[in-house]
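Chain nomenclature is as follows: A, B, C, D and E, assigned in order of appearance, with residue numbering initiated at 1 for each chain independently.
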Amino acid sequence: MSGYVEGVIILIGINIIAVLGVSILTGFTRLFSFGNAGFMAIGAYTSAILTTKFNMPFIISLLGGMFVAALISLALGKLTLGLKGDYFLITTLGFGECTRVLIEFLDPITGGARGYAGIPQKTTLFIVLISVVLAITVARNLLNSKYGRNLKAIREQEIAADAVGIDTARFKQLSFTVSAVYAGWAGALFAHYYMFITPVMFNLDKSSELTITVVIGGLGSLTGSIIATTVLTLLPEVLRSVANYRMLFYGIAVVLIITLRPNGLMGYKELSASWIKNLLLQIRRMFRCRKEVA
Amino acid sequence: MLKIDNLHAAYGGIKALRGVSIEVKPGECVAVLGANGAGKSTLLKIISAIMKPVSGSITFYDRKIPSFPYQVVQSGIVHVPEGRQIFPNLTVYENLMVGAFLRNDKNGINRDLEWVYTLFPRLKERQHQYGGLLSGGEQQMLAISRGLMAHPKLLLLDEPSLGLAPIIVNQIFEILKEINKSGTAILIVEQNAYKALSVADRGYIMSTGVIEKSGTSKELLSDEKLLKAYLGD
Amino acid sequence: MFIQQLVNGVSIGGIYALMATGYALIYSLLGFSNWAHGDVAMLGAYIGFLCVATVRMPFWLSALTALLGAGVISILNERLAYRRIRRNNAPTMFLMIAAMGLSVTFQNMVIVFLGPKFRTYPPVIPVKAISLGSIKIGVLDIFSMAFVIIAMSLLELLITKTKFGLAIRAASSNMITASLMGINIDFYITLVFLLAGSFAGAGGVLLGLKYTVYPQMGNVSLKAFIASVFGGLGSVRGAIVGAFIIGIMEVFVSGFITSGLRDLFTFGLLIAILLIKPSGLFGIDIQDKA
Amino acid sequence: MKEILKIDNLTKKFGGVCAIDNFSVTLEEGTVHGLIGPNGAGKTTIFNTITGIYKPTSGIIEFMGKDITNKKPYQVAQEGIGRTFQNIRLFSQLSVLENVFIAGHLDADYDLFAAILRLSKFGKKEKYLRENCIELLKILGLYDRMNEKAGSLPYGHQRKLEIARALALRPKLLLLDEPAAGMNRDESKELVEFINELKEKFKLTILMVEHHMDVVMSICRRITVLNFGKTIAEGTPKEIQTNKLVREAYLGGEDVAC
Amino acid sequence: GSNQAKEDVIKIGYVGALSGDTAVWGQAGLNGMKLTAKEINEKGGILGKKVEVIGLDGRGNPVDSVNAFNKLVDEEKVIAVIGTNFSSCNIAMAPIADQKKIPLIGTACSNPKVTVDENGKLHPYSFRIGFIDPFQGKVLATFATKELKAKTAAIITDIGSDYSTGLTEFFIKQFEQNGGKVLIKVDAHSGDNDFRAQLSKIAPLNPDVVLVPWIYKDVALIANQARELGIKATLLGGDGWDSKELLSMAGPALEGCYYTSQPSFANPATKPYAEAYKKEFGINPETEALFGHDGLYWIKDALERAGKVDPTALKDALENTKDFKGLMGSITVDPATHNPTKPCSVYQIKSSQFEYVGDFTP
């Protein structure tokens, strides 16, 4: 496998982990975040500092990055999870921007705008694949338990969720923290693959990219998120050689998908054996109809 | 004035109406009765053009009904929808003014405003409260009043008595009698068959998307078996 | 210095206000953040620039063309993307994502077809500053301030005192029922997009006159979004107040503390306000009545 | 008989509007209690205050001897009070089964790790819960439609599903807000029988708001009548029907047969 | 590896921002290289082989740039890559260039870490054409104290830019060493467009010079707003100023101000190239075009010295460059740091033209 292809697969893997976090938060709890790149930054910088300044083994740095992201999500969630809709969204957006600004400001520790270099490359294809499998399994198991059902209840009808005894504040916090942990995880892997991080890598554009991916995949579908991440990470790569048309096509693709697929690529459904079977059945039925017509 | 012929409608794959034909003559009050899920609300939604039929024709004064809801209102049909549908972040007063949106006669509007306030003093008390904060019944009163403010030629009512106290229910049907007498035609969908037939001239009985029976109110009310079968004793 | 900074803050706030108005107008109607709003402004600025610099039209005519052009682009956005999504009954988030896609599209369209260069309007309006004692006020600032105040007052009247206002408020609350009351929803939505687009166009031209014209200049609309949240989403008055709060706040933090922490203060204040008033300063919060 | 719910001098004001005015009531365990009154009398507000959605301006609410006045909605639910909503509030994009499943979450007492690691405890509890939910849907006659989206059910079925969901919580007290709204007489009658059955089966106490007098009079042991947030009468159905105040304020000239 | 010694074209990659907000530079760089390749091929190519330039978009974003670099090397089989003008992108690409043993020649990226890592270890395959922040900062400071006799300075820094913060840091160091006093340093963000809050702080202090280490678009805005607020000081800047556009955007406001840069379009020697560029692409070239030009000729020079088409040989030849004469001055590579040692030119803006003042070393 060429280094380039491997690099793209690793990038897809890292993005999948970050997007799954947003998917849990946005797709299953309907809390919109434009700050998950901020949690990625926290994971990336924490782990990088642990590795380089404290000589920690990679696994400790990784866990450290996830842990700090979780802590901060707890504090932030306490303040803002009571807000509704776009009001919550803007506070997460603010959080993302403030994280970036703070990293720039804390020059002596973080290297400021000039970035943090010299991180050893620890993230390998193997580690990324294991991480992705783990991330998907945890997300799936979580969502297919009472925890996931409670999140969906909050998504659908908060007052009714309250009325059946769901501590909505606690479960929103759970969702928020899980999403932050996933972002921190992705960030740590990212830092140890690219060996160099700067605050602008984790700006608003990155956060919105994550959310766009989830919406395009279908709000409420994990497999949708995974498919969309793969497509949207590959798209710019495929288009890389058309240079200046690249982002134009990307923008148009986003608009087209969102207007033509009312529920994103997958809607509320998961890609599964039975889904595929259904699809095949439908196709067969279509053929039969054709035949009958003919 | 309103003539519906062989109307079919569906939600996705589910057929909700299968060949419904009804008619409302000028000045008439007509009731559509039937059990849960019979397709009554669907019928009204199609008349007011917020839903597109699969096939069938609807004419109003011998002209094809327009295809946008606002045009339907312009032609004189107003639909008081199921489930109140008041504007939650408009005040009671503003809700009523939206009802009179297409009217330009200031005096007439003010007169009608006073009129609905006397019909439902509760609304006057709450006129500056947001619609969304009213009690269920108050919202229902507001929905009906908002429809009345439009001064239509034909009024479509979807379960107007829903969630109203018995005393108000009686009052509502008195009011309907009155406005019907003053020339407004009414097409009413109701669960409360007896009440509905007590004001209506004629009635249709629907079940699972088809008209099972029609006749004058007297005929329907005297047909014990029929009432038992379709409407419960 | 304090007064000079206040003047600076009001001047920046004025620009934010102009952007925030159109933004709030659309939010109030369709309940979504139109992230393409700034890019409509950007396109307006380009239209104006091309008219003045290339076609050599007189400035007033160019500005008018920019306003109309931006209005038409804004309508096209609605027609081609938002309307379809609305008809699909998709969650409002979809509208926002579509707007983001449009934003990327517009910026790169300009980069591809007009080039990524920075451009400046020829000096059609004096950029000079007048001195009042030690205080310097830009002529352009006074001009744009006057425009902002007049436009806002008219808009406020339009929304609170006319049938147009009633119609869009009803539509924003429940579109289907509003149409059942005889309101031609599509017409009013088109009108609102025209209005919002023209405001954006005006903002774009002003921004172009004051600063430069370039593909990313629309990113200021993020400030409009924040301003709207400050003031209460969907409230035009709130958006304007919020815009001035941000403008002044930014200048004061930059001027008296450090620009490096500017966003920290802005968002800190935002969260503080939202903790006290969860729907912003002027937002109305109809509790979900069980 | 034991008292299960005791409301004492409850008052709730919204700005200038006094929606509940010094309201007191006591519910006996195992009974069905009716709460009626003109529109806007404050009935739904009482439900919302009991369930913690509104904070009362003053007054005390005791449930099984425990003060629940200032508890949060989910805490009230966990104490054992289930409710339905006047304006139906189902999880409309989810299936009928999921709606009930969610409400049973308190029975699924496994923790996060058990769920993520799929420990055997998780499997057992989930299976048990699922069986319970299906049982419940069978009782309510929704078994056939359990995989349909809740939002596409006809109105009457949606009301039933609301009740099913409230029951999955295993409440001791059930608050029903206009369960018969939108039902015709036949359906109302069925509902009455059905509620009686449920009451026995789940050992429930029920507080019910309803405008269908036939339902109220046939099912309630006692009835409280509210007007402008104040109690204007309380008693057995017979007493209420003949009460002059009630007839004037609420029933009108109507003759209600039981 | 010996990717393609047998083929008869030499593929050279270019990574730069071809889309997005910094595409001005990337597109100019690629255009410049393409024009130069044409010129070289018309004159017989390199070692008898034709040159092919392949440009990929890196969006000015480190991750995209790394992916683009990987693709150029692994899929397109280039033997060297030119780009970018962003230090962040090059710092990210440098270790990968080492891994893949493909020379990478940065253009205007000016952070020392582009060629030398955190611990002072050289990135053997990483080179650059432009000069580093410490050098330029020193020249600016020394020019200010020695030539302009400035005693006091103020600085407005783009806190979000590594270029701006770097220049600021080294300017302050040298300026104070030379006995000057930095009265104030204020921070701002590019994209803000309005700097009056910060400039209002500078105005009452009346410094002799104000350092404006920004990109020309912001320089124009800062200059205009500074004059509007009554700041009369001489403004100083680095190679970010280097664009003809600056003159039309800020002309009068910058009258008499200075900036440092490589020899560039203000240098008469570049005239024919600028004209050819304008003819080919219909727009004025940005400095990045000159970097593309010099980069490609530098590679030609090194390959010819190496005598064979091989990345490692190319690297060695690049390392041993002495007095390579490009349009941006001559390059002699310091083998310890891979930084070119070359003088820094100072330009002044006079009657709305760039005027060459002279070459300086600190």
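Everything that follows uses one rule, which is that a residue touches a chain if its C-beta (ideal position, glycine included) is under 8 Å from a C-beta of that chain, and two chains touch if they have at least 3 such contacts.
Treat the numbers as computed from the prediction; the structure is a model and nothing was measured.
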Shortest walk length in steps over touching chains, subunit B through to subunit C: 1
Farthest chain relative to subunit B (centres taken as mean CA coordinates): E
Centre-to-centre distance between subunit D and subunit C (centres being mean Cα positions), rounded to whole Å: 47
Centre distance in Å when subunit B and subunit E are each reduced to the mean of their C-alpha atoms: 74
Whole-Å gap between the CA centroids of subunit A and subunit E: 36
Subunit B: positions in contact with at least two other chains: 133
For subunit E, residues contacting two or more additional chains: 19-20, 23, 27, 159
Residues of subunit C engaged with two or more neighbouring chains: 107-108, 111, 260, 262, 289-290
Residue ranges of subunit A in contact with subunit D within the complex: 138, 141-142, 145-147, 149-150, 152-153, 156-157, 159-168, 220, 268
Subunit E contact footprint on subunit A (complex, rising order): 2-5, 7-8, 11, 52, 104-105, 107, 112-115, 117-118, 121, 194-196, 198-201, 236-237, 240-241, 243-248
Residues on subunit A engaged by subunit C in the complex (per definition of touch): 26, 32, 79-80, 82-84, 86-87, 89-91, 94-95, 97-98, 101-102, 104-105, 158-159, 163, 204, 208, 211-212, 215-216, 219, 244-248, 250-255, 258-260, 262-263
Residue ranges of subunit D in contact with subunit B within the complex: 14, 17, 36-41, 43-45, 86-87, 152, 154-157, 178, 181-189, 211, 213, 249-254, 256
Residues on subunit E engaged by subunit A in the complex (per definition of touch): 18-20, 23, 27, 30, 55-57, 59, 61-64, 66-68, 70-71, 73-75, 87-88, 91-92, 95, 99-100, 111, 113, 117-119, 159-162, 164-166
